[in-house]
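Multiple structures follow.
Each of the next two complexes has chain A plus one more chain, namely chain B in the first and chain C in the second.
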Partner chain A sequence: MSRIGRFTALALVALWSLAPFLWQLITSLKPDPEITALPPLLPAHITLAHYAAIFTGTPFLRLMANSAVVASGTTLLAVALGALAAFALAKLHVRRRTLILALVLAVSMFPPIATVSPLFLVINALGLRDTLIALILTYTGFALPLAIWLLTGFFHKVPDEIYFAARVDGCTPFEAFRRVLLPLSAPGLITTAILVFILSWNEFLYALSFTATAAARTLPVGIALFPGLHEIPWGEIAAACVAATAPVLLLALGFHRRIVEGLTRGAVKG
Partner chain B sequence: MARIRFDSVTKRFGDVTVAQDFKLEIAHGEFFTFLGPSGCGKSTLLHLLAGIEMPTAGDIYFDDRRVTELAPGARDVAMVFQSYALYPHMSVYENLAFPLRNRRTPAARLDEAVAQTARTLGLGDLLDRKPRELSGGQRQRVALGRALIRQPRVFLLDEPLSNLDARLRLEMREELKRLHAAQRITTVYVTHDQEEAMALSDRIAVLQQGRIQQCGTPEEIYRAPANRFVAEFVGNPPMNFLPADALRGIPPLAARLVPSNGRDLVIGVRPTDIRVQASALDTALQAKIVLLEPTGADLWVVGEWNGQRLKGRAETGERLAVGETADFVFSGERIYLFDRASGARID
Partner chain C sequence: MTSPSRQAGRSAPFLAPAGVMLAAVTLFPVIYILWLSLEQRSPVLGVTQFVGAANYLRLLGDARFWNALANTTYFTTLSVALELALGLAMALLLRRAFPGRALVYAVVLIPWAVPTVVTARMWEWMYNADYGVINYLLGAQINWLGSPAWAMHAAILMDVWKSTPFVALLLLAGLQNIPAELYHAASVDGATRWTTFRRVTLPLLMPLILVVLILRTIDAFRVFDAIYVLTGGGPANSTETLSIYAYKVLFQTLEFGYGSTLAVTVLACIALATAVYARLLRGRTA
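Up next, the complex of A and B:
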């Protein structure tokens, strides 16, 4: 295939994926009167008024802080617990490995809506309603299967002989895990961490159900609750969406090389 | 240093039995080799010694101490793996220092030990490099150094030379022998290369399917193989096998076969013990030449006789050509007799 053909194909795919986001970006920069008009697609002049509005007129910063705490907490917990479980599954003699991995996967098969009510009752009983901890614990539960599966795969790629060498060289299993397996799986850990982070950053259903006030609301819920009684502030919603995407985007760009390395590692020998 | 004893060790992986009621003693300071084809269980035996695998039944002793349940780190063994298994994220220095750091060695002694080991193995200039920046031979040296640095009681080597090219393999083989002669650490070596085993070992155990077929010095195993499997596996080129009945017509062999008349035998002759020559001799076996393999020092000749394949050695100047008939001469003293059914050797 020619270079031009390939370039066109890639551009089309990129446009397809990015179009909704670009639409939000354009909307967020349009003055109010132009937002509901089409054409023009592009605004005649650009305004930052919507951005100013979300930072002054809404608890946007509070929402973002909540989201950051929930997403980081979930990531730390899920990667830490997931790595331990994955280590056992990948390198220790665990009986019924395949069965365990299948069960772990089965856990993530439940549709979230089916678990909302029972989880709500549990969280209420624990007195955790409208707290960030409730979200962190719930998300960790749902992120763990993903983390365990990904990390088991990454640890599996570290040759057994390297793990054995560390054991013979005097490491306990945990030391071998910490000093040899973890450093060698860094790309995998980062990949897993970012995927879990994005998952919990974007989660909507549980966040909506388990929170009641700005004390524990996260960005997706907060933004969804922007609409007032009589009008929908499209410009502000768009601005908030763009601003909410920015941290994840920066994170992904920052670790871009590492992620690609992690996702393709072991595909080619050497 | 330590004496090693396998006391009726059995190892199963699921339904597969790798070793059954395995008994063996390895002496202080001995260089002992497990030799066998892949899948014979030799690496598993090494893993059992290292503590990486646990026996299903039976016990392992170092001297008189039972180590069966001891963790690898508590056994004071060191191991060199086939793939070297260096730590890719650490420098050569850190790779060498790793086993000592795990034993909380003081910094000054650690520095000294690394310098000393690096000097012995010629790694002095490479201490800051990462494993991926090293050649195969250098990696092999680092792996050896990492194992030798703390003077273990037992030194385990799992096919350490098989990833090196032919020339480097010979060089490292000499180095291993030199190191063992200097340090006299009890060494257990695993290989499928009979020549390597012969060149290095004090004693060899030839294994097939987790069973010792023969255990002895390289000399004993080569001169007096216990059975057909050992005879075929040890020696290069491999031994020829011919049905005994077909050879009863040849006078020098017939005499040797008389005591065992009536038994179903197979005769084994090493290619090195067969002289191939052009002139016709009536006491020799006349075979058609199908292949000539000059190797510089020797000229190997593959012949076909009554449908049997036969290999022998000719003087390099001998005038031989493929398709012609030549004499394959061998004496009655240099043949081995094996029972066809059991494979056992008969004196």
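Up next, the complex of A and C:
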């Protein structure tokens, strides 16, 4: 392919990937009359009214806080539990290690719809309906397979000699894990944490089923059920979409190398 | 050093927390749903009754179930095929180094990172028949989401947008693992680009292609958020997938027994597809 052909193709790929979000961003900045008028594509006036409306009129900030708590809580819990298990799988002699990893992989293939009704009954019975803790526990269970697979791979990369040296120096397995393995695998921990955070931030089906009010609803649920009294408030929906995407977008742009590494490791191992 | 049982005892405390979590949140529900699928259960009416295979027999005569199964299969087949073809093309395009490649990588990751619900809202707005930018750019008056013929394809296009980058980035990693000497040897032998692609690239990439196919098939077959927010399964159930139908029976009709049976069919189809791919994969690597 010629240079120009390649350049054009690359530009098209970039434009195709960027355009829908860009259009949402443009819509969110247009005053109402301009939203329903095409042409022109670009706004003649830019307004922040839609952002002002969502941050004041609806419980948007509450939903954003809920999402932040759920995604952070899930990330902490999944990485902590996942790191402990991955350490055992990578550095201790676990019997039936392959079987355990295969089981973990099988669990990651369960469709969410096939667990939502039993979990709903259990959560109801425990009185946890419409609470953030119900979401955190559910998400942790579903993020764990990914965390265990990724972290097992990252811990494998730390040479066994280093681990044994720590053991010979008198560390218990847990001390060797905490003081040697964890610091040496910090980049892997960050990669895993970012992936788990993004997946939890974006989750919808459980959040929709287990919550009932703004007390525990997350952003995706709020955006899916966006209230419109008479007309669909396109500008406000667009503003809400942009605001809900901003955190994960910043993570994706800032850590794209790590994310790609994590995604490929997760898939290639599988 | 130590006996096997002591070794196992030492690893147990590390494995137990994750094991308990997985058992409680994933394994237990999957076993429980198999039981639920054999019950007639309505929380509103306070009815809970064991009905054996009745729900499964009901599937056979349920036209809406067969419609959802057909929709899900169509959606999965078409979107995964398109994603694989476009993803491979994108990976080949991104393989060679060029100035600004890191930036393109980051941009390509955007569709993957955007929450699915937001993706659906963005495309709903672009597809809008009156004010949508797609009709404007095409100079057309297509009722994308309002006509049964278009709606499913609109949903597929949205999924292709969201998932192709994931496929491309995975295949790109595979391409970069192919030794350069092989390409060198091929060019010394005077192979054309097409021959090189068919005889070198494709065979070496095949195991990874199968892995990507498994991941995408599983993910596409259980599709819920994207279509639920885009069309709600409409118009006239033309985009209703198995997960959406199951969700509606569970949480709108509040039939927990039959809804669970529908959910079990999603699980069964995914298990079946995974088994088929796993056989193919084993045949390749053996």
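Just so it is clear, the second predicted complex is superposed on the first by the 234 of 270 C-alpha atoms of A that agree within 3 Å, B and C clash if a C-alpha of one lies under 4 Å from a C-alpha of the other, contacts with A are read in each partner's own complex, and residues count from 1 in each chain.
Basically, contacts are C-beta pairs under 8 Å (C-beta built on N, C-alpha and C of every residue); 3 or more make two chains touch, one makes a residue touch a chain.
Keep in mind that what you see is a predicted model, and the values were worked out from it rather than measured.
Visitor: First (chain B), second (chain C), both or neither: which does A:W234 touch?
Guide: After superposition on chain A, A:W234 lies in contact with chain C alone.
Visitor: Based on the superposed arrangement, let me know which partner A:V180 touches: chain B (first), chain C (second), both, or neither?
Guide: First partner only.
Visitor: What is the contact status of A:C171 with respect to chain B (first) and chain C (second): first, second, both, or neither?
Guide: first
Visitor: With both structures superposed, pick whichever of chain B and chain C touches the larger number of chain A residues.
Guide: C
Visitor: After superposition on the shared chain, which partner residues are touched by A:E161: those of chain B (first), chain C (second), both, or neither?
Guide: first
Visitor: Please indicate which partner A:P20 is in contact with in the superposed arrangement: first for chain B, second for chain C, both, or neither.
Guide: Touch partner of A:P20: chain C, not chain B.
Visitor: For A:L81 in the superposed arrangement: first (chain B), second (chain C), both or neither?
Guide: second
Visitor: Indicate the residue numbers of chain A shared between its chain B interface and its chain C interface, in ascending order.
Guide: Looking at chain A, the two contact sets are disjoint.
Visitor: So in the complex, the part of chain A that touches chain B is made up of which residues?
Guide: Going by the criterion above, the answer is residues 159, 161-162, 164-172, 175, 180, 183-184.
Visitor: Quick check on the complex: what are the chain C residues that touch chain A?
Guide: 4, 7-8, 10-11, 14-15, 17-19, 21-22, 24-30, 32-33, 36, 90, 93-94, 96, 98, 102, 104-123, 125-126, 130-131, 133, 136, 161, 165-166, 169-170, 173-174, 208, 211-212, 214-215, 218, 221-222, 224-225, 228-229, 242-243, 246-247, 250-251, 256, 259-260, 263-264, 266-267, 270-271, 274
Visitor: Which positions of chain B touch chain A when the two form their complex?
Guide: Residues 47, 50-52, 71-73, 77-79, 81-83, 85-89, 98-99, 102-103, 146, 156 of chain B touch chain A in their complex.
Visitor: Along chain A, where are the residues that touch chain C in the complex?
Guide: Per the stated touch rule, the residues are 6, 9-10, 13-14, 16-18, 20-21, 23-24, 27, 35-39, 41, 81-82, 84-85, 87-89, 92-95, 100, 104, 107, 109-122, 137-138, 140-142, 144-145, 148, 173-174, 177, 198, 201-202, 204-205, 209, 219-221, 223-224, 226, 234, 237-238, 241, 244-245, 248-249, 251-253, 256-257, 259-260, 263-264, 267-268, 270.
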